[in-house]
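As written, the chain order gives the labels A, B, C and D, with residue 1 at the start of each chain.
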Amino acid sequence: MIRSVLIANRGEIAVRIIRACRDLKIRSVLVYSTADKDSLGVSLADQAICIGPPATAQSYLNKKNIIAAACLARCDAIHPGVGFLSENADFARDVEHAGLIFIGPKSETIALLGNKVAARATALECNLPITPGSSEEIRDLDDAISTAERIGYPIILKAACGGGGRGMRIVYEKKDLANALQIAKKEALAFFGDASVHMERYLENPRHLEIQLLADGQGTVVHLGERDCSVQKNHQKLLEESPSPILTEEMRTRMCQDSVKLFEKLGYRGAGTVEYLVEGNQYYFMEVNARLQVEHPVSELVSGLDLVKAQIEIASGKKLTITQDDVRLKGYALECRINGKSAGTITDLNFPLGPHVRIDSHLLPNSVLSPYYDPLIAKIIVHTPNRDQGLATMLRALSEVRIEGIETNLEEQKLLISSVEFGSGRFGTDLYVKLWEKQEKKSRGK
Amino acid sequence: MDSIEHMDLASVIALFEESSLGEMELTCSRYSLKFKRQGEGSYVASAPVAGQKTPKAEKPVAESKSEESGVIETITSPIVGTFYLTPAPDAPAYVQVGDLVEEGGIICTIEAMKMMNQLQTDFPCEIVSVLAKPEEMVEFGQPLFTVRRR
Amino acid sequence: MIRSVLIANRGEIAVRIIRACRDLKIRSVLVYSTADKDSLGVSLADQAICIGPPATAQSYLNKKNIIAAACLARCDAIHPGVGFLSENADFARDVEHAGLIFIGPKSETIALLGNKVAARATALECNLPITPGSSEEIRDLDDAISTAERIGYPIILKAACGGGGRGMRIVYEKKDLANALQIAKKEALAFFGDASVHMERYLENPRHLEIQLLADGQGTVVHLGERDCSVQKNHQKLLEESPSPILTEEMRTRMCQDSVKLFEKLGYRGAGTVEYLVEGNQYYFMEVNARLQVEHPVSELVSGLDLVKAQIEIASGKKLTITQDDVRLKGYALECRINGKSAGTITDLNFPLGPHVRIDSHLLPNSVLSPYYDPLIAKIIVHTPNRDQGLATMLRALSEVRIEGIETNLEEQKLLISSVEFGSGRFGTDLYVKLWEKQEKKSRGK
Amino acid sequence: MDSIEHMDLASVIALFEESSLGEMELTCSRYSLKFKRQGEGSYVASAPVAGQKTPKAEKPVAESKSEESGVIETITSPIVGTFYLTPAPDAPAYVQVGDLVEEGGIICTIEAMKMMNQLQTDFPCEIVSVLAKPEEMVEFGQPLFTVRRR
């Protein structure tokens, strides 16, 4: 039984979790850095505890202070949110050792999935399609050259323990391999403390799809369909939708079944996502996100389920009361991330309201978009009967947004959503760059 | 001369008094004012404007950077934990108000995760007051002591 | 085909309709009085036309200016919203005569249902239970006395063409009947231009339930279940929920079937509601609201349908594409009306966001809540799996609301929703008064 | 000279004092002011403002209440309809700029719902300018003419 949750995060996801706690009549305790003392989360939480200065290493990544705060505030559990410590196996273990519940997968699961090579190996065991490449660490240059020959260029070198686009090197020709391998190993060591790298075939313009799952760690795994997150800028997702406009029913079924199989094999507990790259009618396992994701509302709207509530209930030891047959995916959902392009005080802020629209945000008029952390201002999510109406409703919602005082990506998002390319559903992860080049050309043309 | 929004009250009053006006009303995004000269009738009013959040009271006082002796400074907690003035339940306190403490002197312990963290002063000082309650939680940046530099 | 809609209304319902138009890619033209020139609706609509001064008789009830504006702005149709001209048969007819589509029932249907005696007679023909009373006009005092004897005191006299609580007189004893009849007739004449009154048994503390329907006027009628609107203050609804906490499945089925039967008999076209009084396990037909209702979002959330879109599609001649079997009512929805208790400038305004919450409003920070019109600030609607969670989520949402500059009923609403009585689901239309008396006693006790 | 919005208070007061005005009200996006000269009698003002929204440009100028002759006034549309300066397509205009019109003189027609509504003046005046475009829609309160009272 969880009566009190410490939230080890900030921003909109902290507010999202506080709201879920309130809905469940659970006490919420939020930790915060001095930079966030006037944040909405701090004012909404039942208790707020300052854990350090703005620098994340000393605050939101300060395991000791966070766990001490949880113990002293008599919390039963810690919710790590997304990012920060949410996929840190050591933290999950420390939380468990402190006698607290970690709201997420078991620490062993996080550790296993945090290693890309181990994750790929597990996926292979479950017969999931993976991109051609090494399922083991690249030993040396000879190994690299022969592996590259086997799978074909372009290839990508990835840090085994990496993530978030760091420590990656794309190689188009053999002559660049030696140098790239050296740099990739150095970066892997620098960023992740482990020089291991592995090699995969590099897909030049794939789609990013992910399957959302819920598992109670007691034998039941259900999926909530896919999210298509192909619209990205520098590997950061901008738009996420469900269902995907390119997926056939047959492919969807296979991807969902594969994902469930993998989670069953892992004995997974909690909410999690299996990410895939899709090219043509082929899909390839990429990685598991062993946590909640920013874009979780998309799946909440199509499924009618509350993923954060579900996480808390699973963590408290409850079995899932739904089976796959109970999951009815209905309509279409689209999420648009409104990001700041500069930090500062938001002098005027107005979000769209009305039917079919959900807003998740942690900002109010006169709030400061902090320069220390990620620049998300709000997630605008719409839920409509179909994609065509979803795009119209999103454009309606965006037209009502008013943000003054800082620069935002609002106009870029409007351009993306109203583009012929996005409307058609046929595009790759390069859509943002393509549209931006077009726009630039237009401006130059004037 | 400042823009109207950023004028201080004294200047506005002075301008009104120097003028020949009988009444003046002024409203801007930050405040609203009404003046009326004495003897102009009974009405004297001032109106606040809503919005402007008052800053939170618990804002931790940053330690002064000054090296001057005699200066009053606040020592704040560097971690989250339970604040103790004594090394053990029945032991005497590390320090009391009025005590003179050398640089590096222990002034309290903060327990976190079953570890006792002793807090030392960075400079010689006199304990002026104890701000945190013993055996209660302190958060990062919470004021523990005020001290006078020696 | 409707390409352009004139909206003959104001406030949040005007904004609601503009949003639906935008979602349907239809042009919206809003008429407004000089008092509303800075309103959100005026700024959101594709075009806005001033039709008169603040007084409603010269603006929002000014049929001639409204229809002229629709013709001159080349609209295809007029949406009357709720209130104002929405149940005015003459207006509907004038709109039709001007060659425009009236988004609502046929003018004959409105005329028929506007007469309470005629409406009761039609309900009787369909074998709907009606409160004991006269189905015809009360002829004179003798008729009144004998009818009252027959149905038993207390009785209520109602203007045949009345509505909104006006022209009603409750009589508990025979000795008061003569005087009450005289006053009721005078009021009926004064307010509605027709002195006819009829008599019904007066239910002292009933529940107010209503069945929401959609009909295409081409043979298909579907119901979207009930709304329980029993929490009222001076006959004004404060909270509306679906499903009702007191209705048995058997009673629900009968009430819905009766309502569908009545709409089929009427050849009804558009969205409409059948209102009932419920006492114990008896229900009685009260009236038909031949229009959209303020509380329509409650039914939208449980059904997943968009009633305003449906209205526009039906008006454009489309057949309903759903049957009763396609209507799946899911979860629980609760609407809370936030009203101003004073008019003026809203200096600070913040609505709750996040999951399970929908806000319909026409106000922004620094908006003026007009002294000329109804004081609705916002409708907060939550949608959750069940009533218990719905109440928790509504309280969470209300705790985030911030309104400065004017007085509101926010605290009263929190008190109502967190009361043991509302929580239990067992209460009557007197709940507000009861709780308020309790509160007063408490304050006096201090 | 600064734009009104950026003037300092002293300059505004000085301008008022130099003028022959008895009262002044000033509202702009940044602030709102009311002045009244000493001993100007019974007028007591109350401040509106708030919503920093600038008023819409099309705000119809209210007809002046003054009965003084020579005063410029605006005649606005009392209904929604199509504005015509002529009784028929090929007929001459009811009035032209410079025309002198008697009280009750017809100055235009506004067509609404196939009805021609003739607009008459309430007072003798001279047509100064025509503000609305012929054969286009006018809304309630829209300025149609400026006239000079005679």
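Following the convention adopted for this analysis, a residue touches a chain if its C-beta (ideal position, glycine included) is under 8 Å from a C-beta of that chain, and two chains touch if they have at least 3 such contacts.
Fair warning: this is a prediction, and the values are worked out from it, not measured in the lab.
Student: If every step must land on a chain the current one touches, say how few steps get you from chain A to chain D.
Tutor: Shortest path length, in steps: 2.
Student: By CA centroid distance, what chain is farthest from chain D?
Tutor: Greatest centre separation from chain D goes to chain A.
Student: Using mean CA coordinates as chain centres, what's the gap between chain A and chain C in Å?
Tutor: 43
Student: Report the inter-centroid distance (CA atoms only) between chain C and chain D in whole Å.
Tutor: 40
Student: Between chain B and chain D, what is the separation of their C-alpha centroids in Å?
Tutor: So the centroids are 55 Å from each other.
Student: Could you work out how far the Cα centre of chain B sits from that of chain C, in whole Å?
Tutor: 54
Student: Of all residues in chain D, which are in touch with two or more distinct other chains?
Tutor: 50, 52
Student: So which bits of chain C are touching at least two other chains?
Tutor: Expected reply: 347, 405.
Student: Of all residues in chain C, which touch chain A in the complex?
Tutor: 15-16, 19-20, 22-25, 44, 297, 300, 304, 306, 308, 330-331, 350-351, 353-361, 364-365, 384, 389, 392-393, 395-396, 399-400
Student: Show which residues of chain D lie in contact with chain B when the two form their complex.
Tutor: Contact set of chain D toward chain B: 6-10, 13, 16-17, 30-40, 44-45, 47, 49-50, 52.
Student: For the complex, which residues does chain B have touching chain A?
Tutor: 51, 53, 55-56, 59-60, 79-82, 112-113, 137, 139-142
Student: What does chain A use to touch chain B in their complex?
Tutor: Touch residues, chain A against chain B: 34, 37-38, 49-53, 59, 64-69, 71-73, 98, 366.
Student: State the interface residues of chain B toward chain D in the complex, per the touch definition above.
Tutor: For chain B paired with chain D, touching residues are 1-5, 7, 12, 15-16, 19-29, 32, 34, 37, 40-41, 43.
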